[in-house]
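In what comes next, chain A is part of two complexes: it sits with chain B in the first one and with chain C in the second one.
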Partner chain A sequence: MTHTAVKAPDGLRPPGRALVRRGTLSVLLHRRSALVAAALTLVLAVAVVAAICVGERTLSPVEVLKVAFGHPSPDRLTIELLRLPRAAVGVVVGFAFGVAGALIQTVGRNPLASPDVIGVSQGAAALTVGLLVFGAISSPFAIPLVSVTGGMLTAAFVYVVAWRRGLHAQRFVLIGIGISIALGSLTHLFLIGADIFQALHAKVWLTGSLKGRGWDEVKPVLVVLLAAVPCLLWASRAQRGLSLDDSTAVALGNRLDRQRLGLAALGVVLASVATGAAGSVNFVALVAPQVAARLTRDAHIPLLSAGLAGAVIVVVADIVARVALAPIQLPVGVITAMIGAPYLMWLLIRARAERPS
Partner chain B sequence: MTSPQPPALERAARPVSRAGARRAGWLIGGAALLLLAVLLSLAVGSRAISPLTVVDTLLHGGHSDDAVVVRTLRMPRTVVGLAVGAALGLAGTVMQGVTRNPLADPGILGVSQGAAMAVVVAISVFGVSSLEQYVWFAFAGAVLAVVIVYAIAGRGRSGVSPVKLALAGAAFSALMASVTSAVLTTNAATLDQFRFWQVGALGGRSLEMAAQMLPFLAAGALLVFGVARGMDALALGEDTAHGLGQRVALIRVLGALGATLLTAVAVSAAGPVAFAGLAAPHLARLLVGAGHRWVLCLSALLGSSLVLVADVMGRVIFPPEEVPAGAMTALIGVPALILLVRSRRVVAG
Partner chain C sequence: MTVRTDMTVRTDVVRTESTSTAHLGAEGLTLGYAEHTVVTDLDLQLPPGRVTVIVGPNACGKSTLLRALGRLLKPARGLVLLDGEDLHHRPTRWVAQQIGVLAQTPTAPEGMTVFDLVARGRQPHQRWWRQWSAEDEARVTEALHQTGITDLADRHVDELSGGQRQRAWIAMTIAQDTRTLLLDEPTTYLDIAHQIEVLDLLRRLNHDLGRTIVAVLHDLNQAARYADHLIMMRDGRIVAHGDPADVVTDRRVHDVFGLEAIVVPDPVTATPLIVPAVPRYARARGNGELVPAEPADRIG
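This part shows the complex of A and B:
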């Protein structure tokens, strides 16, 4: 569809899309997606400002904006040292989870195939905790690497175990659920086997909380996200092919297997590195892409909007986690699970009701 | 099937009795395994005690250090583990029989987490502190879980599939776990009481607790053995069961009630112990065939053995720390789950 549209004269372009041309470069823009992305960016900006304002001491948004534009302010230290880094972690982690979910759901063609359902997040957590408590990780910069390794290994393991004369989506999901439970136990086992200080350190890391996270956690995720930008441009093209049915996609010249593998690998890396930065923040990767897809009403899940939606969800959930039972801070993962789990149930209910026969 | 009608007796006497003997043999084997597990559970720990001393203590009492350790520490924990394993084995069998779904298990369906959430809330809000009080809350939480998960998974015409059931269970578990952890984060005292309970631990239990479990366990067992014949008929299909004169709805409700009660009592005593209710019934069915009364007996024995062995392994793996039995059963149970899912029966296509 899109291929013919690019070659077609302006009058024949598909509905809802705008053609942007500059010299030899031409891009088809889904108008609604662009609008939604802009709106989500705006919402995210508001959410970040709110996240910076809310806390033990409530700051006025005016002060926040002053600091943002480099004016002197009495609250400068609070904002720059405490609130901003925490909000930044929320943004990058949410973005990474959102994009990861979008990629994996595209490959699985199933809203349920998200990284936390198939065990990627739990695998990243288990390996990281295992190495943390046995003192094998000395610098905070090693954590993302270890997490990615854990996530990839788990994904590969689930894939291999679920393979039997082809890959069956249901078998994949069931085995993923089982492996997740076992990995949860394994993580617990590591925590018990460790000495108390290492265990405390690992436990804090594990809870899926943004408390005490800062630039050290932002950097690796940001680096991976930036490095992934070229891949993501490719991915959003590849996605278009995968959203067609197999034979059409192949006929249009897509190398399906290679594209699927690429998209899934990218998704697993993003989900793992996000887990490495913030622990298990459950269900964001499940919910964000679905929200984005519903907002844009596009045929495939929009990556940018999914990422932005993920960032909004995590930042807002963190505000709720701090405010709900103040002065006690809940882990942000608790809030996202409270939003995400009912949503998953709703998906299950609707999937049945919608099926025609 | 196993106690044939009088007219059929003469014709089928020989094969039935042979099959009966084989089943009885497996039951005796299961009992022997359980005996071994009990002995291990009494003998192994941070202080190794020889099996002879254990037997001597059990028979003659005594006041040596070893005897005191066996009587006051290991004995209660073993009895509670035994009861928990039996309850989960029975509950798993019934859940699989009633839903006709090979993946049904208190852990996978979210029933254990529902019960656990209710107990945690009960402790932090109502300040309850004894098992007899936990059980009621756990039962309420478990019933809630069964109703919600089954309602979600069962919507629509195509009925309940293993995947829908597992996913609904996983989603519900996640929700309950997040509520639990929210409550625990806000309430340090409850957290302390529940750090180990949360993952299914058996340490620090008393014989009194085991005694408190008994009435609930008996009631649950009565219910599930009561519907055993009905489940045999149900295994042939809902319509066939109707045709055989079984009241399908009643069997389902009573069976579910029994399974929930058993899960609730197991969770109240030891916290959510994963996968024990999944592996035991399948192994039992493999050994003694499809007759539910035999399967129930054997899977109770195997469930107890599994939980006790898991508890013993948890004691020796990182001494002097103890790994909760629930964490060990999850690791032992996953291969069983994988084998099941890979078999043709679960995912037909």
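This part shows the complex of A and C:
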């Protein structure tokens, strides 16, 4: 260390971040985000154990943990065949919705620009129901593909219709809401026109329920999530540029068009594949990223925490859905809608109140 | 630690050498939005290491020109050249290391701290494996110091006053450490004292760090006072450019801005000072009646 006679200001470090520097390598870690992610992981673990315990026959958490660590238990079959798969669906679907919401809200620069508000989930649902009721889908493995196709087509359509020499978040959201309503009607039309058994099958899929779902539904979502990890690492850096205005972002060397397209495509795929696995679990993609952003107070929506928050919401909502009117099991989508709908209204009211400024 | 030694080196000495090579200019530049042409067939050379100010009436294309020079707008025809190379065919990151741009109404996300905003200026120099180098630390510390906002580093950008906020944004572009800095109306929305503060800061950056500064300004008197090189535009063309004393004349102010004015030497700096000459009406008197004013050259 060399000190010259002139006293210069000390080097300043980013506040609230942990710095690891080894030679030319340096990594910053947002302390609060890391803490929030750790806390949410813990909450999720507790929620999953609770979800496994709760049911027709209540199990003790001790039994659940015993099974988890490979000890013999009389409840092993109940846990491994019924409750764990169901909780797992909740985790992956919630995680995918949460991350998808964070990505699309970042691109839209608006909490309202969520895949389940702008029609992506509804598009995925409409195409899947359409093909289900007309018997075009024979294998359950085809559903994720069909859903992703439906979601992508809808997103592209909304994008094209909303494009007018640039993309304005407000117009994008309004057109998306319109199209999602139209797609909802289309879905009902498919159900009415269909054979009763096909319609029933489609309707059960559509309501956003975790009932009777298991590893077959977990697999495609998990595969997509794992495949998306490198893309998500890229996305979390691309998000930084998008949090500033366009001119400044470009001046700082961001390739905005490419980044927006990448983030949006990633978000649409995740939202669609989650819809394919559990139907429309509404409002999770809307609420989870906002909860995560408020907890971490970072300048952009944290992807990991948004995913974890989504998983917690879906798993907890499913517990409520099973317990609230037991022995009747409500679809989890009903519970998430009860949380999400008032929040959506609050956002709309706040957006209107802020407009004059 | 390299940081401290770095900070003690007089940066101005180091910088001025590299600055001399930043030749930014344009050839046959035509700019527009959709069908609407704003700037037509414009040639331009910006003197390196100097302060250039672009002036002109509203909608003359001065901001559009600045955006094209900063690569924020793709030319319909023609080239923007940096050291003889077409700017629009160079990698985005490389351009961001050469030219900093302060947009007209930049926006930061809610709750972002001044430090984080200024640190964003380092983005073109960062990689995912190099998120906070000693160089980043030195440049951000220096930028905060240069703009006098070190004490505000932990405050939120949205709770600053207009003048403080503008200094934070300028600090961000300083941290970007580019040889050329383009600013689009950096004094708009500021009161007169803060306008002067920002303009003084820009001159100081030019003097101390040897940065080439190009700014679009609304106020002709301030432009004449702070510019080494003045570019006057009208209807998407350059009407005159050069030393402010040569560019700003009664006749040009009339032809370009449509304003009858006389140009006198500024009592402080001796740069041209524009005094509107024959307003059609003076201000209303107590009874609300409008009183024709005396032509300025007959007063006194």
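By our rule, the second predicted complex is superposed on the first by the 330 of 357 C-alpha atoms of A that agree within 3 Å, B and C clash if a C-alpha of one lies under 4 Å from a C-alpha of the other, contacts with A are read in each partner's own complex, and residues count from 1 in each chain.
Definition applied: a contact is a pair of C-beta atoms (placed from the backbone, for glycine too) under 8 Å apart; a residue touches a chain by one contact, two chains touch by 3 or more.
Please read these numbers as outputs of a predicted model, since none were measured by experiment.
Contacts of A:300 after superposition on the shared chain: chain C is touched, whereas chain B is not.
In the superposed model, A:327 makes contact with neither chain B nor chain C.
When the two structures are aligned on the shared chain, A:178 is found in touch with chain B, with no touch to chain C.
In the superposition on chain A, A:349 makes contact with chain B only, not with chain C. Touch criterion met: A:237 reaches chain C, while chain B stays clear of it. Once the two complexes are overlaid on the shared chain, A:70 sits clear of chain B and of chain C alike.
Once chain A of one complex is fitted onto chain A of the other, the partner contacts of A:250 are limited to chain C, with no touch recorded for chain B.
Of the residues of chain A, not a single one touches chain B in one of the two structures and chain C in the other.
Listed in rising order, the residues of chain A touching chain B in the complex are 112, 117, 161-162, 164, 168, 170-171, 173-175, 177-182, 184-186, 188-189, 192-193, 282-283, 325, 328, 330-331, 333-335, 337-338, 340-342, 344-345, 348-349, 352-353, 355, 357. Every residue of chain C that touches chain A in the complex is listed here, in rising order: 1, 3-5, 7-8, 33-34, 67, 70-72, 92-93, 95-97, 99-109, 111-113, 115-116, 119-121, 123-124, 128-134, 137-138, 140-142, 144-145, 150, 153-154, 176. Put simply, chain B touches chain A in their complex at residues 103, 107-108, 148, 152-153, 155-158, 161-164, 166-168, 170-172, 174-175, 177-179, 181-182, 185-186, 199, 274-275, 317-318, 321-324, 326-328, 330-331, 333-334, 337-338, 341-342, 346-347, 349.
Every residue of chain A that touches chain C in the complex is listed here, in rising order: 1-4, 6, 8-15, 17, 19, 21, 24-28, 165, 233, 237, 240-241, 243-245, 247-248, 250-255, 297, 299-300.
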